[in-house]
Amino acid sequence: MTPQIDPDGRLRHLLTLDGLPRETLAGLLDRAQAIIDGVATRPLAGTAICTLFFDPSTRTRLSFQRAAQRLGADVLNFDASTSSTTKGETALDTLHTIEAMGVRGFVVRHSADGAVAELAAAVAPDTALVNAGDGSSAHPTQGLLDMLTLRQAKGADFSGLTVLIVGDIRHSRVARSDVQALRSLGTGTIRACGPAALLPDDATLHGCEVSHDFDAALEGADVVMMLRLQRERMAEGLVSSLDDYHRDYGLTAARLGRAAPDAVVMHPGPMNRGVEIDGDVADGPRSLVLRQVANGVAVRMAVLEALLA
Amino acid sequence: MTPQIDPDGRLRHLLTLDGLPRETLAGLLDRAQAIIDGVATRPLAGTAICTLFFDPSTRTRLSFQRAAQRLGADVLNFDASTSSTTKGETALDTLHTIEAMGVRGFVVRHSADGAVAELAAAVAPDTALVNAGDGSSAHPTQGLLDMLTLRQAKGADFSGLTVLIVGDIRHSRVARSDVQALRSLGTGTIRACGPAALLPDDATLHGCEVSHDFDAALEGADVVMMLRLQRERMAEGLVSSLDDYHRDYGLTAARLGRAAPDAVVMHPGPMNRGVEIDGDVADGPRSLVLRQVANGVAVRMAVLEALLA
Amino acid sequence: MTPQIDPDGRLRHLLTLDGLPRETLAGLLDRAQAIIDGVATRPLAGTAICTLFFDPSTRTRLSFQRAAQRLGADVLNFDASTSSTTKGETALDTLHTIEAMGVRGFVVRHSADGAVAELAAAVAPDTALVNAGDGSSAHPTQGLLDMLTLRQAKGADFSGLTVLIVGDIRHSRVARSDVQALRSLGTGTIRACGPAALLPDDATLHGCEVSHDFDAALEGADVVMMLRLQRERMAEGLVSSLDDYHRDYGLTAARLGRAAPDAVVMHPGPMNRGVEIDGDVADGPRSLVLRQVANGVAVRMAVLEALLA
């Protein structure tokens, strides 16, 4: 593992929330909240940040781009998934080339587990990488923005909370980063629920209450985190049909009644309405979905600032 | 219809020129002219504007992007037509997501009639949409830039003018916005000409002099507005061949001789040279084509400023 | 040929290094070096620069984009190779349209020889074009950055140097611009080496020592410039196999031993590791590959500043 914290405790890259010290994590959340509360500066004026996406994601790229703009940085977008010029070039050569152009901050997405950490191990001492999602391993800024959203809704003490994560946890980097952050912040109970084929068979859910019964898992939950169902799970035979999935694991208003009276609902987006979540829940008063998106910009500003300012 | 003017007369969105008060329209033109004449400011510094194109158009996107840059705004480009991440997500969810990132200005193009107004009905009170073209309904900034170009060429009083619009009016949002604006500004005579299959069968041309004979329609016209012939009209069987179209409705230098001696020629671009317009006319002294493009940036600055500053 | 120097000696466009006065070339290199050494300004604030690529190249586009950003310019990117809106529109109409939007600086790449010079002949007096590569004719900023890199490594006096260019010189605009610049700067000996099918049969290599024997050509070379082997050369039957090519013209560490003891290695990128260059050479102490990329931004800043400031 590439160290993302340097010997004197400074954040060098952000690759994963796994093992990120609680004070570092809380410090990033505090800074994001301060940004939201109006501490406006442009500390990265003159700095260039490159979004380097080997796997496309317009939504995440836009959020990082807006964060970089608000920090005053210049943004270069490189969609490596469609670039023909990089054919035959390794991801590392591409990164080193853009680094040589004087770019010090990279926001990197890759379809392979560990690919971003591998790149981070090979960059110059003053170059910083933010993992914008690698394989099904980690999506640390999504984890951070979820924690900030939770903190705003439920307060900074998570010890009394029951948080339920529902869906395709096996393939979800969001779920992994969320579980790591929830553990780090001392969450009382973490529940995980989904069909057996979509639950991980590794240590991801260590210490979590795992179940296949959504109705039972919802009982008394304070927070319900729904995951997106990728449609390719059908082709892979892991899910029989969207209807079946909705029947067993779709969050409906009726189902949400089983959760705590003041339960909140989260989803990383983009949502499949009518599949893992019903429209009236997504748009309802319990939904924090758009609050998550808004917090995403602030959290990414806090991270880029911590790495580059 | 979503109101684009709020109760106290302020422009909230720009969706169509249909029913836009004459003083609002003229005010936007005045402001655009002032921008051209050198009133330079950056009133949108720190503001983000997103070009959200569900239907691609590089030319229109670039014009809005340059307008936003000159106003000092940060620009986010979202080409929703090629984004795979938005698959399965509704246009409204996409818009709400980017809105949640703190973006207040959207420039939206969509292939469906009314789609932009529908989105405008669902946004936050301080979010403004500019319709950059929806279906064959409206392209209001094109209408405005055409009016500004006309005003520069012929003066602000349109009551003595004969304006001729030629071509595929049925499918043209440009023609609809132009006709609405020409009416609003009190144009003396509006003529419309094209093959029957390409003329609208609704109220679009109410009050216009409609004809299928281009030569006759040209007699004494002060302004000739040519429309682009989309090549798919051939596949749809609405036009027999490009040669036939050029013979009947192509603007040649000889034909232009029938118009008023100081007649001017306009075209929204991109031009099919040798189809609806000959190269020597397009590049000739009567052509205002590039002036239209130049005015486009100023008009879009005036609109974005009116909506967001 | 469009004049790229105006009557009073000012650079009007940058289209080729062929015939560029030595003092102009050296002046651009001096300015690029000054930029690297820390002379920071934003002389192009408020100016718009459009990258207009009729042939895609993410790497070159990013380098120009970063250069423009560092000069304070606003950047518009137009990938004409993927834009559907420009179908049926000529390259000149596209250029004139963006020019009409108030853009004065264009960075243009085109697949056809001479296409950029042809466009330059038709623009407004205050519009400047930079050739970012046309066909196999010229890539002048690559030539400039290579010269800057050489000057940093070997000093400004090239009269004692032996420079070897290896590979597909026939199809390489980089090689043409390099040879022109090396001649202009009075390089002692220019050698060219490659298989017969990949060497030009025109005057490109006039005055160069031409050979097909890589090992012999390497003897005593101070500088080894490797060219990228485009994989389409195989399909065209000009190269039998990548393995054969590597055996005959691939730069290995062993082969490099034949060059001068302090020989340096250059490559314009992207590299085909294991084909024209081995990874240990590309990443070794003699390699200037990333230094070339870094100099590219400074050289492009110097050029854009010379044309537009």
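By written order: A, B and C. Residues from 1 in each chain.
Keep in mind that, in the parts below, contacts are C-beta pairs under 8 Å (C-beta built on N, C-alpha and C of every residue); 3 or more make two chains touch, one makes a residue touch a chain.
Remember, predicted model here, so these are calculated numbers, not experimental data.
Asks: Given that chain A is a copy of chain B, what angle of rotation, in degrees and a multiple of 5, matches their CA positions?
Replies: The two chains, chain A and chain B, differ by a rotation of 120 degrees.
Asks: Copies chain B, chain C: same or different interface, half of numbers shared as the threshold?
Replies: different
Asks: Measure off the straight-line distance from the CA centroid of chain B to the CA centroid of chain C, and report it in whole Å.
Replies: About 41 Å separates the centre of chain B from that of chain C.
Asks: Name the residues of chain A that each touch 2 or more other chains.
Replies: none
Asks: So in the complex, the part of chain B that touches chain A is made up of which residues?
Replies: So the residues of chain B touching chain A come out as 46, 48, 50, 74, 76, 78, 83-86, 88-90, 93-94, 96-103.
Asks: For the complex, which residues does chain C have touching chain A?
Replies: On the chain C side, the touching residues are 56-60, 62-63, 65-66, 69-70, 231, 269-273, 290-291, 293-294, 296-297.
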